[in-house]
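The two complexes that follow have chain A in common; it is paired with chain B in the first and with chain C in the second.
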Partner chain A sequence: MLLYALKRLVYVLPVAFGVSIVCFLLVHLAPGDPLTAIMPIDATAEQQAQMRAAYGFDKPLPVQYGIWLFKVLQGDLGASIASGRPVASEVGRAVGNSLILASLATLIGFGFGTFFGFVAGYFRGSPLDRLASVVSILGVSVPHYWLGMVMVIVFSALLGWLPSTGAGPGGSTAWRFDWEHLQYIILPAVTMSAIPMGIIARTVRALVADILSQDFVQALRAKGMGEWPVFKHVVRNAAPTALAVMGLQLGYLLGGSILIETVFAWPGTGFLLNTAIFQRDLPLLQGTILVLALFFVALNLIVDVLQSSLDPRIQRG
Partner chain B sequence: MRSLALRTVCVLALLQSFAGSAWAQGTLRIGMTASDIPLTTGQTDNGGEGQRFMGYTVYDALINWDLSSATKPSDLMPGLALSWGLDPAEAAKTKWLFKLRPGVKFHDGSDFTAESVVWNLDKLLKNDAPQFDPRQSAQGKSRIPAVASYRAVDPLTLEITTKSPDATLPYQLAWILMSSPANWEKQGKSWDNVAKSPSGTGPWRLTGFVPRERAELVPNPGYWDKARVPKLDKMVLIPLPEANARVAALRSGQVDWIEAPAPDAAQSLTSAGFKIVMNAYPHNWTWHLSRAEGSPWNDIRVRKAANLAIDREGMKELLSGMMIPAEGFFPPGHQWFGKPSFKLEYKPEEAKKLLKEAGFTPEKPLVTKILISPSGSGQMQPLPMNEFVQQNLADVGIKVDFEVVEWNQLINIWRAGAKDASSRGGTAMNYTYFIQDPFTGFIRHLQCNLAPPAGTNWGNYCDPEMDKLFDQVRNTFDPKEQTAILQKIHEKYVDDALFLMVTHDVNPRAMTAKVKGFVQAQNWFQDFSPITMDK
Partner chain C sequence: MSMTAEPIVEAVGLTVDFASAKGPIRAVSGVDLSLKPGETLALLGESGSGKSVSLRALMRLHPSSAKIGGSVRVDGRDVLAMSARELSAYRGKIVSMIFQDPGLAFDPVYRIGDQIAEAVMRHERVSRAEARKRALELFERVRIPSPERRLDNYPHEMSGGMRQRAMIALALACRPKVLLADEPTTALDATVQIQVLLLLRELQREFGLAIVFVTHDVGVAVEIADRIAVMYAGRIVESGPCADVIRNAAHPYTRGLLSSRSHGALGKDERLKAIPGSPPDLAAPPPGCAFGPRCESFAEVCGSAMPDNVVVSSSHIARCVRLAIRNSSQPGG
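Now for the complex of A and B:
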């Protein structure tokens, strides 16, 4: 088991190296000058050249990559061009904020998704099934940024129940888990949970419906088992596939969402990426993408190791 | 005796409550379009918005803009300098003397003197100075191209020598904001530390900020201009770059004021009881025409025809009234407008006639390519507006194809010039301009020796007559005479139809009815001191 884990860890290294190259080169493909954000629009050619040299953009790309990678390996993601602040602290703060948002969205999305899925699967063909299916299809189909805007219009602008933007009255650094702050997260979290809720509901519905039609369920009922114990058997059989889908959705939620975080001005990784893209803030963009990409690589590693511990056949494969 | 004491206590308490209400004028929360808090150390980033919210609030320049009137274009006024002028003893007209305002203190309590100005100029211009800050230098250096050297003559007298005679120096210095040398020392000579705890001489003090989320400013009760001590208790700045998020924040009561509401939100906001405040200011939305060899815009008949083909009132309807139809390069009523003879009216028949003389008709149109961007700072609503212009021009015989490039890319093309390959054969570029001073308003666009890469004369225009006028501006130190020359330049801009002059933005902002006392100056910058909030 330990050997397998170590082997997988070694496999991660070339992946991480590849990720770093893609992160670095991808942002250079976009048109525009990264120094535009920090220079007056009519700065002379000489001043532009001076700045380019000061930020190292006058060097060949491989050299720039080498310098960047060397610093990254020492934990230094550089400084944002636009703000001058260290990228590591900017990304760290944003990741923390995205995690808070993702946690609540996970609770809502997974909870309601599972509930709707079981209801629909258990009462297949009934009006309850149709209602649950409509809700799950809407969750998957409705563009979430549009849903966010509609929720803002209804719950913030018209009803005035919930705030529409930001991460609390004092900003994210003053975040606390009380109503004064939690009210800021409800709308973005509900919006963010819509897609996972829909996907999980549909998956669970299909699984439950499939399991319920299997012979062993009929056998359990035939021998006089009550509905509750049967239900527990269904849950146990549906769990592995449902958990795998949830795992994927969890990754998606933890990565933040550019659109949702921008609509709600939630200061997470999506909001940060959006800002970095528009400002051509290459170090910030590279740092954020790298951290998120490595986050996914790490998640995959953990999932692989966990799966192998549950099913030893995977190790042999 | 007890009753007297009781009465005295009651009266004192009452007085205290009155005093409290006179000063406690609430908190104003503003949703900015910027995606981050502008640089707080002195020389701000984020363009005009940065200078508006973090520049003239926390800091002062030697020469400030007068932001007190909504009805007349704003002009320069004494800031940290009480007076300025050429040194009468120097014949070359390059030496300026500035008499500084006595008794001014930075927020940290240190004195503002001529040495502070020298220290601040070194911060921007002298690479080997300990306080040199590349970030502030990137923002400030290009604003003061005339400055050659400077020195403190005495604590309240500053001398600046220019590279050549240049009467536009006061406008250049209005960009340069003074941060506290003592505070920089106190913060361990680190600009990163200063950013968290800055110190200027301005009417507001920054008390805290969360990057990308909010900044809080409180009044500086010791501000040297007592009339401009802020009446609010606090002003909170919140970056909300997404237009819909700004509107939602205003409607849900999270902010009291938003910058640049989208035109299509204006009607719903006003019907919901919000105020839309707007005014003319030195901004224009133009097509900058190429004058490179082979450009169709080298023919004045074509340039005039295009200007006569635009239905500016129709465009105003498109933008829900949020624009001022162009009558020239500067907004109508500006002190430099002059009396141009060519009127920018909607006369398609006259345009057709001129084009016919030039060899083009709607059946045999002039076909050309124009560079536009889908968005960008100050570009207003570039896609529908450009399509509107495209339709107008097609009606008279100018068939325009658009080359749509991303805003940052357009800036690079603008810097590279019309002759550069990056312009991809485009003969004009839709570009909006900050036109607040003689250099940004006129000189940089058309002076012969500022053709790229030396400057931003994108179209490679060159007219010795125009250059002569620019020289006169630089050599005319009497403000009235200088204004007369600037008017002549503007008349030439319009009469020669040197740009396709379409419209001016009106700098709209939406706010709740609680916001009182705001006077929207005809300027990119604004004064927040007179504002109060109704309970």
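Now for the complex of A and C:
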């Protein structure tokens, strides 16, 4: 098992390398000069050249990449053009916040999703199944920024139960596990959980329906197993796929929640990306995307290893 | 096996109805089965004749939407009256089943040894270690090579023949009295088929099992059975001692089945298809004898009512009007 994990890790290295190249080129493929944003409008040609040399933009691309990669490997993602602060620390904090939000959302989604999925799969064609289907379809198809705004209107504005935006009292951006902070995460997490909930519910429903129709379930009953032991077998068979889907959902939520993080002003990567894009802060954009992509690659690796450890049919060679 | 022993399995007027879009389907309509301890009955018939459905009805393995009628008594108990709890204590303990495709009958993500131990622990108050020990003994008994190592295999790590041996080991784990085998050799290669058949016969003697053996293959039926029951469209159309039914087949359908294989043994996936025509639609059966439309000696009387059982000779019976006519015109014949 450990050997398999190490092998997978080796396979992942070229992927990570590719990701780094794409992220690097991003700055150079983007229209416009990355420096125009910070360059004084009336800068002379000489000043522009100086600036270019200071940022290393005068060297050939492969050399630039080499230097950039060398720094990245040491944890230096450059400095934000807009704020001048190191990108690494900005991204680190944002990733931490996003990870907390996305994990909570995935957990909520996974809990409800598997519940609805099992109910629907076990009672196919019943009113319960139809109810679960409606919930899961709504989960995937309702626009999330809209759902987010409805949540804010209902639970913040009308009822006043929960704060509407931010990650902590007084605009704090550092997360802590106390009620003061926890109440800020509830609305965005619940809103965000709608996506994984819908997807996991549908996946689990199909999985359960498929498993229940297999011969071995009848064989289990034929040897005298009651409903509860059979249920355990069904869970055990559904687990590898369900967990894999959950892992991938977590990956998507980590980077793909720009709208929700913006609606709730949650200081995560989505929020950061949004700012970076609007301020044309290319080093920040580059660093954020790089870190997110690497997270995604790592998550895939974990999912892969987890799945193969749960399903003996997946070759571990 | 004595002739006077009480039957261990006795089904009378067994019916199974499924709901379908076209209305109810009667997959089994009035099947009588009687099996003494230690006896083997082969249930023979074309695909779709209701063999598997009858077999599953003996264990009530059908979804709850299926309606089972008639009466089923096994080991002196009324199976159709059992509660869910009684049913699960009965399954695997009194009666167990071997499935056609052993590749699909094991849970793919559990080790085979654990799946056998699970059944043992379900029915007997034994520890896990003891249950594993029993599994090992069974593996040795069904002659699985390097049994200790094989217990830790997952189903996909075994060959088809070995999985079927493991399935037999599982079925016999709690020393049942009745074994229901649903085409246990159909999915196997010819040589493996014979090995598995011989093993089953050997185990039957050792355990004193009563076996209901479903098959398409007349050759297999002859090999293993004391008695043969031929099914057509949800009914048993002929039944009797193996030799009588084979040598002196009375029903035109049985004769068709026999002649369809007289030119060499049937291969692995060969089905009995030599009889022209196809079985009736169970949602709209023809009036009278269900085999009528395909029968070469169809007469007008055949279309009027389903023929009753006619005694051919002591315990050999068949459902064919022409036999009844012959019997009444030649008394004692």
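By definition in this document, the second predicted complex is superposed on the first by the 228 of 317 C-alpha atoms of A that agree within 3 Å, B and C clash if a C-alpha of one lies under 4 Å from a C-alpha of the other, contacts with A are read in each partner's own complex, and residues count from 1 in each chain.
Simple rule for what comes next: contacts are C-beta pairs under 8 Å (C-beta built on N, C-alpha and C of every residue); 3 or more make two chains touch, one makes a residue touch a chain.
From a predicted model like this one, the values you see are computed outputs, not experimental measurements.
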Which superposed partner A:A43 touches (first chain B, second chain C, both, neither): first
Which of chain B and chain C A:R221 touches, first, second, both or neither: second
Touched partner set for A:G166, first chain B, second chain C, both or neither: first
Residue contacts with chain A in the superposition, chain B compared against chain C: B
Touching partner for A:L3 - first (chain B), second (chain C), both, neither: neither
Touched partner set for A:N237, first chain B, second chain C, both or neither: second
Chain A-facing residues of chain C, complex: 56, 59, 61, 84-85, 88-93, 96-97, 99, 101, 104-110, 118-119, 122-123, 154, 156, 170-171, 173
Chain B to chain A touching residues, read off their complex: 35-36, 39, 45, 47, 134-135, 138-139, 141-143, 145, 192, 195, 210-214, 238-242, 244-245, 248-249, 251-254, 405-409, 411-412, 415, 434, 440, 444, 452-456
Touching residues (chain side chain A, partner chain B) in the complex: 31-33, 35-45, 47-48, 51, 54, 82-85, 90, 93, 149, 152-153, 156-157, 160, 162-167, 170-174, 262-265, 267, 271-272, 274-275, 278-280
Contacting residues of chain A [partner chain C, same complex]: 214-216, 218-226, 229, 233, 236-237, 240, 310-313
